[in-house]
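Each of the two complexes below includes chain A, the first together with chain B, the second together with chain C.
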Partner chain A sequence: MAMVIENVTKLVGKDCHIQDISLQFEPGTFNILLGHTLSGKTSLMRLMAGLDRPTKGRILMNGKDLTGISVRKRDVAMVYQQFINYPSMTVYKNIASPLRLAKVAEKEIDHRVREVAEVLRIDALLDRFPNELSGGQQQRTAIARALVKDTELLLLDEPLVNLDYKLREELRIEMRDIFKRRQSIVVYATTEPLEALTLGGNTAVLYEGHLEQFGSTIDVYQSPQSTRIAQAFSDPAMNFVNGRIDSGTLRLGDTKPAPLQHHLQELAPGSYQFGMRPNHLHLQRTSPEDIEFQTTIDLAEISGSETYIHIIHNGHNWTVQQQGIHAYQMGKQIYAYIDPTQLYVFDLDGHRVVSPEHDSAELT
Partner chain B sequence: MARIELNNIAHSYIANPRSDADYALRKMDHIWEDGHAYALLGPSGCGKTTLLNIISGLVKPSEGKVLFDGKDVSALLPQERNIAQVFQFPVIYDTMTVFDNLAFPLRNRNVPAAEIQERVKEVSEMLELDNVLHKRAANLSADAKQKISLGRGLVRSDVAAILFDEPLTVIDPHLKLMLRRKLKQIHTRFKLTMVYVTHDQLEALTFADQVVVMNEGQVLQIGSPQELFESPQHTFVGYFIGSPGMNFIPCQMDNGNARIANLKIHVGASSKNLKGDFELGIRPEFLKLRKKQENDTLPVTISEVEDMGTSKIVTVNLADHTLKVKVEENREITFDEGFLEFPPEWIRIYADGDLVETGMEKSPDTLELTE
Partner chain C sequence: MKFQKRTIGLIIYFILLMLPIYWMLNMSLRTNAEILSVFSFYPKSPTLANYIKIFTDQSWYSGYLNSFYYVSMNVAISLLTALPAAYAFSRYSFLGDKHLFFWLLTNRMAPPAVFLLPFFQLYSTFGLIDTYFAVALAHCLFNVPLAVWVLEGFMSGIPREIDEMAYIDGYSFPRFFLTIFVPLIRTGIGVTAFFLFMFSWVELLFARTLTTTAAKPIAAIMTRTVSASGLDWGLLAAAGILTIVPGALVIWFVRNHLAKGFALGRV
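Coming up: the complex of A and B.
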């Protein structure tokens, strides 16, 4: 039995927030809504929760039409970006509140509050008030309150966005492990590709109110159906270059013609857009087949364990992602290389033609 | 620009501090060299803003002195210290034009009109504000207003230092990259003394040539991004910098080897004099997971493989300890039991959280080779 979103459209005045979306979520699955700000993630969640009513279409749960039923009568819990707790209640009472409303027996409440508090590692803080907690602890409390009642639908709208990155990293992994053990349908909205990849499950990519692609997270990542999806699901953004295929050769921009190999062999002659993931662009040659671009270094950005080198090639801004921390000088001329087997190919309208084969080599 | 010296500085917001925990900033000594870009990085509550406010004069430290180019400024107010500050939210005059906003700090100091023209032109071009110079600030977007704030911070050429307190927080993500680049370019070009507070790792490591990592009121390491990554001086730095953070395993050191349960890891000759209980640290990027046993590999069981798109994070168990290993994206892990190699040059040894030994790097052999 599942949740079915059937041709749902949401208009607010003349603005279309959700455009004819159909989706199905199975119990016990983890589902990510991935998209930029204003892509429709929150709008869709509000419709699923029953906070808003769709302009067109239906929402069914286990075959039953829920469309007009208010949020109070639905079996749903939601966690927001802001840490929302009752300021006058202790952590214990905050977590217990949905069970009290549902008139669960006190003994059962106590058992469940302590259990979920332990999972979220706030069991030592049960007597504190929300304003005596750090941001991370406040959000753990809000998540505990959403988890304590085994709702059939659990919605999380960018729950980690207001926390600092190390806390985010830890909570992501904890949440993934907690949800694995549940039978609820979990729906989680995020703008961050890395968050989607860490959480796994399925991903629905949204763009301006449209559903662009839905599938297992790693499949969507490895085989994006359009340049738009590739853009939304790549951090740093995917690099693009126009190119031509003619009589068995490939030319990317003004590079030297290269022979067609692997997944490119079947391509008809013509013009295409080629996508290159930042981690597939290299600043040293890695194989004799590599295609070489002349570029200029713009800025090297450094995360804790990786370097993102922004380079410019014929007016295109590209990013190279390298493992480890490396220093580069701004303005320096440098060659960048791509192995053609790693090229994503799209037509000039941005639709997928072919993605790199994902033949993995076993570790030895 | 100036050299800023913090002389035995400590600060407590409590009247009579008794223990270390009462201090927002524990005793420290540091010299901020003229012309360098520093970032203060740490989790919320680590004391980074207190430290910035001590340099600016917004907070008078309960202990110690602040010197600018050797001159004691401890008793001076922020406006008497000749510094420029940029805050999290735009601080501008809404009714003035962009030009007048940028010119304001210069006019205040009676800079000649011709020089004002020149400086405002230069700064506005740098920040791409030159096409809105004669618009009123009130009508501009939040991003543009924050750019004016940055411009006001940068317009004076005679300041001792420019202090930034989370200046890019309100900036839209796609503009952040542009401004990070601008700040970096400005620093490279003008060699200003800059101190930058942020909790954003990418911002801190990109902006600064020296990063100050803080936790619980203590400075744990001051170093280049590369030093923080390759040789964290403290286990907290190893954990805080990098995703996932560094792995740490308790071990016994004996004759240049680290013992973990009945397993032995070769660390290097330079650690020969270490004896007893330590922690071995190694980053997930430097561990090597193999299917077959080789020399100097240890048996592990694999408990999880996460595909992160650009790489895989493998969780392995080694004698009851959990470690993370980063593996290339196109590697298939088809086995449950494997072997882990600890390249000695990337092993770090810690005692009570502090780095005591950096693997083979400093061993006599390597030193001879580099000389």
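Coming up: the complex of A and C.
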């Protein structure tokens, strides 16, 4: 009993929006579609909802082929990135509208609308019209309307992206709790790695219409199958450096050779790409095993309680994520350090070779 | 000082603008003898005789009623046909949609007089001459394309996601269209109705040619005042003032949305 997407391809004119994607979602699971803009998240959702028809492939729900069935006859709810409500109806009527159409008894409608409104904390606004509400309240209304029907498939297309920062964090945490209690298949599209990590569940990484990796969110984060996934699932993006392994030593770029340890010991000699998360790069030595890079500071960007320091090493642009607010002089020579146990290793084509053993410390 | 100059300029402009209308009002409140004998900026002995004649003489007031009937019919027909057409143009893409949308306007590229002869022949064949329906239908020639253009602009301003949301919620198309979509574009419908009303109300050529007696519009009836003894100036002015009233009323209702309408809904 699950939703199965079978070799689905979607062409629009000559453009390929979705290319041969197969996925399976189980009931009661929370699934994230992660990818940059134009990676095919929305296209895939529209196919799942039945708003568009796949060019090739099938979509099955509990073993039943839904491919050609109109969206009106499907059991689905959707929340858009824009705040979409019916402007001419009050919040109450907006939330009640799917139930009214399903011919639910009036008493039951009232009960369910008030219940879901309370969960989303819009119970005081039921008599207002959508354009009298703030953005966050409008989106809560849209989410309430999607939740009230108890559909077997619930699609959320970047629902928090148009909200301000504070509200987004608040709603994100609330959503995690709301969805935990449901038996539906929840699919949530986002561009933000942090959002995926906060929400948990499973993650499918999309890149230019291809499915790159699907698995539990933490697995995908800890062992990305390719440099593309590593880059998509890291904010700021992962830093890369080419290196060689020869007779028991590791040499990253033009650094001094270092002994192989931990997960690197099994690697065959040869050239590799090494990935370093911005929060693993440091500007001070943290252990004697650290590998030292000579770099130039390009820019220091303050983001909340953290500072992103953009540095250049041999023409590669890297980012170092540092706690606290720091000021750096542009163009200054500085040393950056990485603990070799934190290195992600990919071959030269970008496929995963080995990932660090423990990465869970940063998952809070 | 500068402010005053501007005010004076505006006052002069306003006077120039309103002068013809004022003069017509002035004439309508005087008798023929007074109009022709003395020059005066205001009626010396105001009289409502001209208006009373129009409201009591059946051959006069029926002109207004005739015009009103065919204009209303035309607004109704144009809106009912243009709403679905505009929705199709704004929401779907189909073979040649852009060309069709543009070529809708070709009817406006030729002078209406060109269509006069074929229309007359066609309508006589079907026995439609001298009916309200004939004029209402003839005015669709330029009103339907206009309505499609204006409504399409307003409809394209409504996000497509609302339609999809309604389908996901389970609305059938007619129910969605009437209970959700039409209320959303009610301003657009109001503005469109105003334009349709205006074009049909002031149109004289078709209205006069396709009618003889029973459905004669007011503008055609006004020409009857020409007689052997000359023009009945006062009566003509009063009739003219009365033709302005309905248009002024309609403009009042849509005054805040007119600019958007002139931009064909694309603001």
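Convention: the second predicted complex is superposed on the first by the 358 of 364 C-alpha atoms of A that agree within 3 Å, B and C clash if a C-alpha of one lies under 4 Å from a C-alpha of the other, contacts with A are read in each partner's own complex, and residues count from 1 in each chain.
In this text, a residue touches a chain if its C-beta (ideal position, glycine included) is under 8 Å from a C-beta of that chain, and two chains touch if they have at least 3 such contacts.
Not measured: the values here are computed from a predicted model.
Enquirer: Given the touch rule stated above, what does A:G304 touch, chain B (first), chain C (second), both, or neither?
Expert: In the superposition, A:G304 touches chain B alone.
Enquirer: In the overlay, answer first, second, both or neither for which of chain B and chain C A:P98 touches.
Expert: Only chain C; A:P98 stays clear of chain B.
Enquirer: Check the residue A:T341 against both partner chains and state whether it touches chain B (first), chain C (second), both, or neither.
Expert: A:T341: touches no partner chain.
Enquirer: Looking at A:G200 after the superposition, I want to know if it touches chain B, chain C, both of them or none. Which is it: first, second, both, neither?
Expert: first
Enquirer: Taking the superposition on A as described, I'd like to know which of chain B and chain C A:Y86 touches: first, second, both or neither.
Expert: A:Y86: touches chain C, not chain B.
Enquirer: In the superposed arrangement, does chain B or chain C reach more residues of chain A?
Expert: Between chain B and chain C, the winner on chain A residue contacts is B.
Enquirer: A:T255 contacts which: chain B (first), chain C (second), both, neither?
Expert: Neither partner.
Enquirer: Of all residues in chain A, which touch chain B in the complex?
Expert: Answer in residue numbers: 134-135, 164-167, 169, 193-194, 197-198, 200, 218, 221, 277-279, 298-305, 310, 321, 323-327, 330, 358-364.
Enquirer: In their complex, what parts of chain A are in touch with chain C?
Expert: Within the complex, chain A contacts chain C at residues 49, 51, 70-72, 76-78, 80, 82, 84, 86-88, 97-98, 101-102, 145, 149.
Enquirer: Residues of chain C touching chain A in their complex?
Expert: Touch residues, chain C against chain A: 159, 161-162, 164-172, 180, 183-184.
Enquirer: Which part of chain B faces chain A closely enough to touch in the complex?
Expert: 43-45, 177, 180-181, 184-185, 188, 199-202, 205-206, 224-226, 228-230, 239-245, 283, 285, 289-292, 306-311, 326-327, 329-335, 338
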